[in-house]
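Before I ask anything, here is the structure I am working with.
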């Protein structure tokens, strides 16, 4: 019987090794898999490369992982926020590498990884610092930058409900990076509010088919943020 | 002459958004445009974190932190709304499906180059978010900003000195002094606030600017 | 008020001009927008380029459009079927051009058109006839073919329900090419079994957000195929 | 020596599919594999037209023509199924998420090249469907076919003479005579049907083939 349900967040992330590249879902705190990140801090893996839209908020979640000095490098679109003081401090002290990627390229590069696309010509960032020394090409009069996939060893994402086949449904804008990160990682791990029986999810509503998910762990309802 | 305040610039932008348009309002100043759209109008707001049909802020105490906008503020979803993931959301931009995006700016050049993500300061922490995708993706990119900096420096310029967000992407600029089109001939003022001399506008603009008010009226 | 509801299939397709490139949804008959195709035949536009997975089944739908000699060229993955005699006859008589594209490339090239991707490196078809004289590139030891977007002037697709903003939900495997074709066309037209009130569709379930759809027409339930 | 019939080849393939595998069965012969998987096993079938968790054919009269497989035959959806569009469906293949696909073939070369979509005949109407995506996309591509053609021609060959579906993509071949791995050393027979001499297999195979039965048994 296919059973992707892990018994705990700790068990779900137990094989993450030092140096792993980990895609971490969420936009700000919406969709951020706090239970999995907390388990990762507890687990102790270090020298990690984190791919996530932001670089942590306040002192919890990604910020706590950063504060514990487990992250060598972060690939993100928007590290600087009003509550990103943990990242800001590490960055100014030269204790973390930063690769800033436009938000849409971050998503599309992970989708490309998941979809088996070798590289793609993207108009975003053409003629800017963030295009760096990437190849460019003019196609039908428009200028593009060649972008390569971002693969993850692991993805840690959050969904509303999941089943033992790994099918996921999300909630509102907490969906954000979940589906593309699930595609892009060798091992995609989802924390869900609730595990439901196989067949309980509407097959039309499944936003991440189970083929993209290796492990699911129920953690109960975790609010995105207490205001 | 009374410069427009931020609400007035926002209202001026809103006035030009056609009914039924799909619009993305950038974080910061452009967010204010939403509040100036009258209730009887139907404009469909996109927020790049995965929502089309964004509604106003929720009542105090009714915040849902799984339902936020690009500025990570709680919002609501209107009837007719839909949720989607980031790759789909940015396809809407990059694929040219949004009619208009409204962005703030540090500088805009007379060829439509936009600088709004990075001051270039050595100690600044870079953060771009969706700005580059928006700037080049929407059918029309409008900028909303003060005409000059607090220190009196030009923001409409020949060449941006700050790092670019996108090249040749801005089509119109709304400032506290004027509405300016970016055309193949450069800046063209199509509207000035009451009491402002065109010569004064020229002085406050760091690149050649044409008076196109007649053209519009004609 | 935004109102994308067209009063009839004929009205919905009235501005299709001779020579247009039209993306036609469906996999076999599932998801094939019969009412729109029938209206197109009635309308009379000719010299059309059709992009669709198949080249018509039996004597109805696409096959009827082909039989009426309205199609100059078809871009598809699988023209030859047991019931594709209309296409077969035209092809053997040299009366229709054929461009065979692997099915996944057909989908991905339309998605690229909708997503603003200028071109992409795809492993499918490398080293085969269908790669033709396309550019190739080796990336991390794997060989890829450079593929360009397929844009449509119009898309004709079928969904289960739609609303006046153009939001669509589909039914089972009739979803197939609908969402990517909606993205890839300048004017995407959906026939639906039923138009529902704005707000009646679950926003989590909408598979094609209205931004990708220009017109919706209710045609009642049209069975995919009578067995 | 009794050659395997098609059902027996299908059953032999099914035997090697691990529980829990994500599998795509190509149209034609491979479709038969589904019928030979015993009910207590849980194997998740993908059909490229947008369904994961495909179940058996419906009862007569219960066909739903919106619920079909790649061969356009009516199927059912199991509890746990999901529907998705074509770009997502082919991402599952091309992205390497499927564990196994099973395809029919005209020819397979000893370097794993596959020819199964076009006979190369001048008057043939070409039609490829998802074959090329499947061939290069799945983690493992297995071929299921008769060992030689009806006319007695080789189908396991040094170089495919028919147009290719994919290069170096086949990892294993199930025929009515043997199970053959495609390895860096070429064809390696890992199983022969009862009563078949290895020399006879060599004669029926159009490229060098090694006897690897010991290796597997060891």
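Descriptive notes on the structure:
Letters A, B, C and D mark the chains in the order given here, with residues in each chain numbered from 1 onward.
As a convention for this text, a residue touches a chain if its C-beta (ideal position, glycine included) is under 8 Å from a C-beta of that chain, and two chains touch if they have at least 3 such contacts.
Please read all numbers here as calculations on a predicted model, not as lab measurements.
Shared contact partners of subunit A and subunit D, listed by label, are C.
Here the CA centre of subunit A is 33 Å from the CA centre of subunit C. Each chain gets a centre from the mean of its Cα atoms; for subunit B and subunit C, those two points are 35 Å apart. With centres set at the average Cα position, the gap from subunit B to subunit D is 55 Å. For the pair subunit A and subunit B, the distance between C-alpha centroids works out to 29 Å. Along subunit A, residues 108, 111, 115-117, 122-123, 170-172, 204, 207 each make contact with two or more other chains.
Contacts with at least two other chains are made by residues 77, 83-84, 87, 90, 93-94, 137 of subunit B. Chain contact topology: the protein chains form a pattern that is neither a line, a ring, a star nor a complete graph.
Pairs of chains that satisfy the touch definition comprise A-B, A-C, A-D, B-C, C-D. Across the interface of their complex, subunit A is touched by residues 47-51, 63-68, 72, 74, 77, 83-87, 89-90, 93-94, 113, 118, 123, 125-133, 136-137, 163-167 of subunit B. Contacts from subunit C toward subunit A in the complex involve residues 108, 112, 115-123, 137, 139-140, 142, 144, 148, 169-172, 202, 204-205, 207. Subunit D contributes residues 19-20, 22, 42, 44, 46, 52-53, 77-84, 87-88, 90-98, 137 to its touches with subunit A in the complex. Contacts from subunit C toward subunit D in the complex involve residues 27-31, 77-81, 87-88, 91-92, 98, 100-108, 110-111, 122-130, 143, 170-180, 207, 223-225, 227. Partner subunit B is touched in their complex by these residues of subunit C: 1-2, 111, 113-117, 163-165, 167, 183, 197-199, 201, 203-204, 206, 209-212.
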